[in-house]
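The structures come next, written out as structure tokens.
In the two complexes that follow, chain A is the common piece, with chain B as its partner first and chain C second.
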Partner chain A sequence: MLFLLFAGPNMALLVIFTYKPLMQSLYYSTLQWNIGSPVAMPVGLDNYVDWFTDPTTPGIVTVTVLFTVATVGGGMVIGLLLALVLNRRLRGTGVARTVVVAPYVLSGVAVGLLWLFVFDPNFGVTAALLRLVGLASPDWYNDPQWALVMVIVVYLWKNVGYVALIYLAALQSVPRDLVEAASIDGASSIRSFRSIVLPLLGPTTFFLAITTLLTSLQSFDIIQAMTKGGPLGGTTTMMYQIYQEGFQSGRAGYSSAVATILFVVLLLVTFAQVRYVDRKVHY
Partner chain B sequence: MSPRPQFDLDRRQLLQLTAIFGGAAALAACGGPSVSSDVAGGAATDAATDWASVTPAKEITWWSNHPGASRPVEEELIKRFTTESGIKVNLVTAGANYDEVAQKFQAATGTDNGPDVVVSSDVWWFRYMINGQILPMDQLAEHLEFDTADYNETLYSDYRYDDAHWAVPYARSTPLFYYNKDAWAAAGLPDRSPKTWDEFTEWAPKLASASMIPLGLGKGTSWTAWWFCNFLWGRGGAYSDEWSMTLDSPEALDAAKFVQSMIFDDKIAAVAATDNVADFGAGLTACTIGSTGSLTGILEAAKFGVGTGFLPEGPAGPACPTGGTGVAISSNRSPEQQLAAGMFLKFLTSTESTAYFSSNTGYMPVRTSAQDSDIMAEVYKTSPQFRTAVDQLETTRVQDWGRVFVPGGDKELTTALESIILQQGDPAEAFATASTAIQRSYEQNVEPYL
Partner chain C sequence: MGSTTVQAAATPRRSTPTPWGSYLTLLLAVAVMVLPLVWMVLAGFKERDEIYTSPIQWLPAAVDGSNYETAMSAVPFGSFFINSAITTVIGAGLKMLLGLTTAYALVFLEFPFKKVVFGVVIFALLVPQQIVIIPNYTLVAELGWVNTYQGIIVPGLASAFGTFLFRQHFLTLPVSILEAAALDGAGHWTRLWRFIVPISAPTIAAVALVSIVAEWNEYLWPLLVVDRADMMTLPVGLTLLQNNDGIADWGVLMAATVLVTAPVLLAFFALQRRIVSGLTAGAVTG
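Presenting the complex of A and B:
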């Protein structure tokens, strides 16, 4: 009874706002439903068959994988490097820490709109800088490949502060005596980083790998503000496709099927991380 | 060191998880659409209401995106309506553009939180109609004695399907040809828009310079497939004939190749990175195709003389689509609210209101009487560019169903056209891909509902 009293409200919220929509989405994925219509047709697994056989699917999966690998991998590496710098006792690190973390707390749409101007090939800062060294600006908005690079850069700029912040906290809990002992024994700083610091950061890396992967696969705001999935679908990730199909094309059933597929992918990747990567982490 | 997390489920945890999912599944069965293998005939009807016996509600809600930064104009019109009728209108910003309003309107279906009046753009009203979300206007308009014959015929016919009108025209626009008068003069060209695209291709080399591209084109959904109507229809092609896609016609392919030749061979046109209207205003392009709704903004921003003209003709003659938005009444509101909403729409699209709205935004007057009103005459005198859009109305035609009525139609066409204008893709291949997708969407999302 006491358990229900304390856990009940939280569980009720989870059921209503997380599990219910999840089950509902699963159910809608078996319908042909124009969003807004009071009636829908049962179509079984047709929406799934459509997605797997649609000629645009390979492109969307490729964009999703590239975006995820670049933002998760890039974010972890850059975040760790930033944390290592910020962990040093140098002048101005306090300000630098604030600067690095600040973009993370900004709204994604605001960040996207801001960077729209930065990347403008005619009036933007990047174009001006490239002109200084005699180069022409890439066609960020009209070339699908460059557009993907652009949204990855902006995503990293916004989110790398989070990774740096968590790594910084973890670095500060690394026992100094271990590093000092290694140093006395003649280990170089690279060696002691590789053999002492990095393994001790294992649980943090593991935690960040899961959380940044989930956030990256669900990212929407920057793409919506900057490219709307274009040009030519060059920045359409699965998450963005869910929005496009559900709300722009009104195909709620098909959109739910894509959402379910993405959910299963996330579940499997997280499961694989927990099952295999966790074994290699030293707690 | 932190304790190693446990991920193994014991029997009790498994039962708890099953209970949570089971409860969620039971809840999921509540709400949502009803399910049937026959979804036809979902559109609303207005036959049942005896409007003469209905008393109008005292308060209604209007969802708008304030097209053309028109919020103050809409507020003023609401104030005038409330003074005249005593009915309060709550103006709600339901999105930054037509798509956002539509997304909210569709999501609000089946709840009590929807609007009484909603802006319904050219690519959205049909979906509202087949979903049964909006009321056919004819009987209500007849009861309230709307002067529907005074609406511009093309603009009113845009909302006609199945012998009924599903909205009334409000913030309506067409694409317009904008040119930089200073650049024109420097090139020694006559102060007018080119009569045909062939004439433009003759003029263009004189306009080209290191810092200026002769023609700027825009991209993106709700835009690319709109301006392309001019090239497509002007060369005798069409996106579709009712529900059959016709993009495999030689005329359609010719139109695509013509645009490609301007961009890639002659290099007299370029696709803007973000905003072709902003590029034109900044003097990067000598001319562009923009909406009439952009007129006020362009006149304010440009530091050079701005000329406007009809869209150039193709070999098949003039070709100009209509666009913008109408306003519709929600079908799931009470007759009292619908009547009050009808009264508001009658006021909103009256001659005086139309002239007031058009003169302050640049959108076209949707009533013939407003086109010739004193207010508009004054506007034409101070800014003759406004007159061009109104005169061009004579050459407009209703849009092809494949673009505006099929869910995803505009998106598929935009992808095809972007492949053609950005990557010099093969028009036949790009159009075939789009046609297949649109045809499939029609079969899945429209045909069963009709």
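Presenting the complex of A and C:
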């Protein structure tokens, strides 16, 4: 019975605030229901049909995919490059590592706001820098495509330090003899990196792919602070749509359907990654 | 670190030219990370006509605190700060407690369906809190917890990641310590606090710092359950300042952003070794 005292409260909280609502969300997705309203009408799968046939859905899916691929893929590539440089025995790498990770611990809202000013098309830094080379600033605030680029850049700025940090920890556990042996054998550094270091980083890459994908699909703070999903839906991801439909338009049933779809996609991607890794990664 | 330098000295290396490319990359990375923060701090001291000007004026003419005064008087910043501190300390503290006791049970206690219980913890890592905001909001509203500390804290309290990390760590502890504790006749509660926790202090500190940072920056959930200014946390209150204006008053907004980010940055620079080991703990043990 002692284990109930030790593990019971935590398990109860997990059930009440994670598992039960997960089931409820599934149920809500079959209702036409406004949040806070006492009346709910069962509508079967109508919310799902509505979502899949809604004219705004392809745009939202495109934004979600672009945002996710750019932040996860871009983050891993830039993070790995940073880690490789930080892993060299150079002066100043200690300070550089600290600085690169620092934005990761900052509030996403604060980061979004400070970058909103950096991107100000009239009075911001990017506008001033572009003017220096004779270019006009894109309208980051009102052009849907540039707005998406903007939130991706800011997301990467905030989060890339985490990826670099994890890769750095992994690189430091790659035995240096191995890489040096390869270079004595005449393997060029790019080849020794590709055939020796990269495979050894496999488990880390896998870990990062899953964790950064989960956080990227959930990102809300930066979008809320900078664009609120706009302009013209240019930065509305599925996560942001869940919030908008549930708490702005009050369509809780529809919002729950989007949440369920997003969760299923998440699970499928995670399991696909796990299976792929089972075959490809050398531990 | 010591051993690697010895090794490096022992193996004769061909003299290589200074890696300018790497230094340039480092410099560029540091600049990209630091300059936006510098821009924020400078803007916090600028007067209106120094901000809304073209060509750009990089430095404020004088270090002037009026933007800070405006920010503090426009919204109840003191309350935001206290609310953030309370929810962070209580939230992160209880989360650690739940993680430690659950991990202890999973490693040192015998009970039925242990694997299932562990599975429940692990699978919860895959369920984003954002997916379940609507049912959780409904529940919190029914409980009358809107605009309360428990409304902000309790739904996110369960520990999944912490439990996982502590379990991994406990599995590496030497058995002899626990045998000594058992010989002492200590009960499980005493064993946890008198033997396990002290020798796990570095891991616990690292995980605690990471959860404190996460709690402090939490935004979506407090945004949903709080609509009264005096109950808002710092990130939520910060957007209030943005909404108040209509047109962005960048000087005031940047001053407020400095107030929100500065404590975290200072804490990070002071404790970065521990925070870094907390961040990497998941990847290294996982």
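Definition applied: the second predicted complex is superposed on the first by the 271 of 283 C-alpha atoms of A that agree within 3 Å, B and C clash if a C-alpha of one lies under 4 Å from a C-alpha of the other, contacts with A are read in each partner's own complex, and residues count from 1 in each chain.
One rule holds in what follows: a contact is a pair of C-beta atoms (placed from the backbone, for glycine too) under 8 Å apart; a residue touches a chain by one contact, two chains touch by 3 or more.
The structure presented is a predicted model; accordingly, all values stated were derived computationally and were not measured.
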Chain A as common anchor, with chain B and chain C clashing or fitting
clash
Which holds for A:32: it touches chain B only (first), chain C only (second), both, or neither?
first
Would you sort A:57 into first (chain B), second (chain C), both or neither based on which partner it touches?
neither
Per-residue contact with chain A, leading partner among chain C and chain B
C
Which partner does A:2 reach: the first (chain B), the second (chain C), both, or neither?
second
Output check: A:142 vs chain B and chain C. Expected answer is one of first, second, both, neither. What do you get?
first
With both complexes overlaid on chain A, does A:273 touch chain B (first), chain C (second), both or neither?
neither
Which partner does A:22 reach: the first (chain B), the second (chain C), both, or neither?
both
Does the superposition put A:41 against chain B (first), chain C (second), both, or neither?
first
For A:157, decide between first (touching chain B), second (touching chain C), both and neither.
second
Both chain B and chain C touch chain A at residues 11, 14, 16, 19-22, 24, 28, 35-36, 116, 120, 122-123, 247
In their complex, what parts of chain C are in touch with chain A?
4, 7-8, 19, 22-23, 25-26, 29-30, 32-37, 39-40, 43, 51-56, 98-99, 101-102, 104-106, 109-111, 117, 120-121, 124, 126-139, 141, 154-160, 163, 188, 213, 216-217, 219-220, 223-224, 234-236, 238-239, 242, 248, 250, 253-254, 257, 260-261, 264-265, 268-269, 272, 275-276, 279-280, 282-284, 286
Considering only the defined contacts, which chain A positions touch chain B in the complex?
11, 14-16, 19-24, 26-28, 31-42, 55, 116, 120-123, 139-143, 203, 228, 230-233, 244-245, 247-251, 274, 278, 283
Contact set on chain A toward chain C in their complex
2-3, 5-7, 9-11, 13-14, 16-22, 24-25, 28, 35-36, 81-82, 85-86, 88-90, 92-93, 95-111, 113-118, 120, 122-123, 125, 127-128, 131, 157, 161-162, 165-166, 169-170, 176, 204, 207-208, 211, 214, 217-218, 220-221, 224-225, 239, 242-243, 246-247, 252, 255-256, 259-260, 262-263, 266-267, 270
Taking the complex as given, what residues does chain B use to touch chain A?
1-5, 7, 20-21, 23-25, 27-29, 31-37, 39, 42, 99, 103, 105-107, 109-110, 127-128, 130-133, 219-221, 271, 273-274, 279, 282, 284, 407-408, 411, 414-415, 418-419, 422-423, 433, 441, 444-445, 448-449
